[in-house]
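Next come two complexes built around chain A: one with chain B, the other with chain C.
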Partner chain A sequence: MNPPLRRALGHWRAPVCVLAAAAALLFYVPFLVVVATSWTGGEFVLFPPQGFSLRWYASVLGDPEWAQAFRTSLWTSAVATAVAVVIGTLGALALSRLRSRTGRRLLRTLFIVPIAIPPVAYGAGLYLVNIGSEPLYGTFVLFVLGEAVLGAPYVFVLVANRLEQTDPTLHPAAATLGASWPMILWRVDLPLVLPSVLRGTLFAFVVIFDEVVLSVFLVPVGGRTLPLQMLGASQEAFSPQLTAASTLVSVVAVAALALFGLAARIRKDPP
Partner chain B sequence: MTVGLTVDDVRVTLGDNEVLKGVTLHAEPGEFVTLLGASGSGKSTLLNVVAGLQDVDRGAVLFDGVDVTRRAPRHRKVGVVFQSYALFPHLTVAENIAFPLHAARRPRAERAATAQRMLDLVQLAGFADRKPESLSGGQRQRVALARALAADPAVLLLDEPLAALDKQLREQMQVEITRIQRHVGTTTVAVTHDQVEALTMSDRVAIMHDGRLVQCATPEELYRRPADEYVARFLGEANLVEAHGPDGRSPVVTGTAVVRPEDLQLVDADTPAGRWVFEGPVQLVSFQGSRYRLELLAGHAGTILCSLPPHTDVGALSPGVHARVACLDPGLVHVIDHRRPALDHVPEVVA
Partner chain C sequence: MTDQLTLRRSAARPAPRARPRPAPSAERVVLLAAPLLFLALMLAAPLAELLGRSLADGGAALRTALGSAVFLDAVWRTLWLALVATLVTVGLGTVYALAVAVGPAWVRAFLVAGLLVSLWTSVMVRTFGWMLLELPTGALYWLLHNLGLADAPLQVFQTTAAMYPAMVAVMLPFAVLAVLGPVTAIDRDLLAAAAVSGAGPLLTFRTVVLPSLRGAMISGGVLVFVMSLGFYVTPLLLGGPSNLTVSGLINAQLRTANRIDVGAAMSVLLIAGTVGAYLIADRLFRVSERWGGR
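After this line comes the complex of A and B, so read on.
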């Protein structure tokens, strides 16, 4: 149990609180500014906003170009997330079964690489693969796979952590009780990691949905994801459409996170 | 179902470390055998070998004479209680207990009936729908035992089953496990480093030391007639004294005599010097509740430890005073004969 903050910090209390407040401001101020500029009545992204109106929200929601970009992002992110969840979960399960130290280290490194290499380099590399792969060129296939690889590490890390925390004798216990390996996977491992898989799904989806670099390189001509649409809007008109759209996306993301937190709390409290 | 269990000359090497150096053990159907030894003696490895969780380099494991050495754990029909209990945290108590029946694809009604029966057996009726996390350590232990027994295994294996419990609960569970084991009659092998636990629960105790099985016998036999000095010291306290020839006068050392501290008593100075009489200055007298503990420095024999009944008059015994103790019944002294070649496994005594 921690001692009360006041006594633990002594006269460091004031500077620590100031630092914490500054960090909080750094996190929230840009977001709040974006939100505020989106309800402007004027034509430009300005702070403080000029008056109050929801016209830019109406404009975004009514614009077929934005709607199309949103739909594209939604389905590509959903498919990519599904692939990421499968890859990440399988990787974590493999990690929990590997005995060789070197093998474990290699597998861990493999799943960190997508986060570690610069996205532009990764995008450029995939772009070269894309124009070289004839039947796939012009489709979303490599784009979706690339996004999946970017999302997989989040699932991998969360599920691997969960598996590391479980009692290592659960597997031998299940085996001596007569369970075959598919049954151990289905009845022991998967139920145990399910909460972590769901958390990983959420993280991967958010990361993939917001990802812009791969979109630039890999989205086929004529196609547009939401981040691409936003990037375009910021470079061309820089109208409050952009901030209105990003506010909408943020609200949806926060709502999803809140829903997930609520579900987790309900699961924990026994009825 | 219950089978006779045979472990035949099993050797296991992990890395550069020879963990089991040829262990042979037999348990009769329904017998409770405990592997007792310090950590690193190989006792847990031997249990894993029987469970099929550890491959052997050489040797065999037989259930009722049938070689199961190459059989996977799930085909061995063993029930294992792990030290951590290894209960599935996402399943209820009843689902945990029915897990082996689920694995064997038994119908739902049978699974429910068995879970109920096992819960009654371990006296946890009413806990069926609880999750393991809401149970106490002792209750989890019972659930683990019920689950291990649910599919009527050929052999029940207990790996340090009581190590995680506090002392009082441990003593209670020793009695409880013995009762359940007698009731179901399953051949049982347990592993422990706690001698009281081993002596209380087992029909026979196998002492393991450095990858070998030193002696396997009934608790009384182990205590009264230890096969070697290690066993004598490991179980209880013992004075180990050089033993000379059959008449005690021969200068040739032929063995080690094991004289238990409680078999010694204070004797007068006019008692004739005999074979099991020790005398010398008192080094320590301490009162320990049910006994007095007395230590003498007795010449060649070194420090002799003596445990005296609590009503003994020890007024005259203070450090430095010359005292004399003796074991008046030579039958109580066991001589470990060094002229006989050391045996890897001592022939079993059939009770």
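After this line comes the complex of A and C, so read on.
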């Protein structure tokens, strides 16, 4: 709520709100269409849906192919997120300790540049590395590490922003009191950045779980992640099974995030 | 000239703070070396492979890529798509963020919930939604037909035009998030001063609101532009095989045409374009400082 800004916009306030609400429809409508088509009773994806039935949900949940894709996505995303969180957090901590302007600039650029690299080009490069390296080929190693590279910038940005806002005198104070650097890291920095690290974990996980391009190039033959399964299904036969699976994934994601938000709120202000 | 620039830059920033004392070397090794080594390796190895493939045989693959009309077509299509998506999302994103700040409670709730839905559902799911909307007899046709506005099935799906609304919808949250923080941080005293001096909404917008948001709009725009250049799923599914963007074309080279070298050359060019655009923007507008703390 921002009364001065509201007053400043004057009679432009109503058009601004109307335009924004129309833009919000760009978010709602496609999602609602996916949800609606998933409860069709018919054989095809049709809008409006024919009747109401949950048969396609039963079909997805009973399908071992979807279940396996979901499990693969879950564990690869979890491992990749863990790597991304360690790398991103260490990088942000290093940034807060660097004094050289150029060094800080280079470090920041290195950590943010993976966002600017197109996933297809990165995936193609990793694919070439993958086919050339005998022990790694046929495993998920490069896939998971590549996903970690794509997730790390988000952790880095969140943690680095938090560290920017911390009191710079804490470090000298702790050092004067005789704390060694691992002690300072453990007792001063980590408690300060922990909420940002958790948020970064969540964000990186969502980004990685959603990422399809590296799956296309790097998942070993026979393996399938959920996005890959969805992409394949959309190109072969666009069936209500796909929209039912999409709805399920979205509902799980939103529920998990709502729980996370609730937990964060409860921790912040205990009743 | 350089001195002047430095001076201006430091004047524009908050007062410099005491930096922490020099870090002991073990600390540096653990904190800095590990992530640096990981990132450098994971970025350098794929890039070296791509460069090696595209420069083999005296750059034959690179010449093939640059001489191919399909590739140049895709480059223009991609650039145009990214540019339009950027301009529209930055404009719309600013309006969205302003509305979140000034709207009545129910509008705010509607807007924030929409933002969350879009952020937390997968890009692919949202793209499926756009497919279902844009199919010849899809949801959009159903709506238009029932309103009496369309009597023949729509000819939008798998055209270039089909990609635009979906790209805007996918990229809009990034633009909104970039501007949302600065919108809530607009100096209230400045707004009050403008009001006291009798400035109307347009003048206030031009002299107070816009200058406070400009930096965020630019960095959000750069983010959207760079991400749009490399975007894969949405253009591929909505644009179809005859309207490929550069990403789609690389995918086709590697997976169906089996021209790994040409795909590698195109990848190198695409990386050079996006990273180049990012680095130039970073130099001009200090984008990464805005994203990654000072």
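Just a few scattered comments:
Definition applied: the second predicted complex is superposed on the first by the 263 of 271 C-alpha atoms of A that agree within 3 Å, B and C clash if a C-alpha of one lies under 4 Å from a C-alpha of the other, contacts with A are read in each partner's own complex, and residues count from 1 in each chain.
Just so it is clear, a contact is a pair of C-beta atoms (placed from the backbone, for glycine too) under 8 Å apart; a residue touches a chain by one contact, two chains touch by 3 or more.
If you're wondering where the values come from, they're calculated on a predicted model, not measured in any experiment.
After alignment on the shared chain A, the placement of chain B and chain C results in a side-by-side fit free of clashes.
Residue by residue along chain A, chain B and chain C are tallied for touches, and C comes out ahead. When both complexes are overlaid on chain A, the residue A:188 reaches chain B alone and has no touch with chain C.
By the touch criterion defined above, A:54 lies against neither chain B nor chain C after alignment on the C-alpha atoms of chain A. In the superposition on chain A, A:172 makes contact with both chain B and chain C. Applying the stated contact rule after C-alpha superposition, one finds that A:237 touches neither chain B nor chain C. Applying the stated contact rule after C-alpha superposition, one finds that A:264 touches neither chain B nor chain C. In the superposition on chain A, no contact is made by A:252 with either chain B or chain C. Per the superposed model, the minimal spacing between any CA atom of chain B and any CA atom of chain C is 6 Å.
Shared contact residues on chain A (touching chain B in one structure, chain C in the other): 169, 172, 175. Interface residues of chain A, counted against chain B in their complex, comprise 166-167, 169-170, 172-180, 183, 187-188, 191-192, 270.
The residues of chain B lying in touch with chain A in their complex are 51-53, 72-80, 82-84, 86, 88-90, 99-100, 102-104, 131, 147-148, 151, 157.
Interface of chain C with chain A (complex): residues 17-24, 26-28, 30-32, 34-36, 38-40, 42-43, 45-47, 49-50, 53, 92, 95-96, 98-104, 107, 110-111, 114-133, 138-139, 142, 165-166, 168-169, 172-173, 183-184, 186, 188, 191-192, 194-195, 200-202, 204-205, 208-209, 223, 226-227, 229-233, 237, 246-247, 250-251, 254-255, 260, 263-264, 266-268, 270-271, 274-275, 277-279, 282, 288-289, 291-294. Contact residues on chain A toward chain C in their complex (touch as defined above): 1-2, 4-13, 16-17, 19-21, 23-34, 37, 45, 47-48, 87-88, 90-99, 105, 107-122, 124-129, 132, 145-146, 148-149, 152, 156-157, 160-161, 163-164, 168-169, 171-172, 175, 181, 185, 206, 209-210, 212-213, 216-217, 227, 230-231, 234, 238, 242-243, 246-247, 249-250, 253-254, 257.
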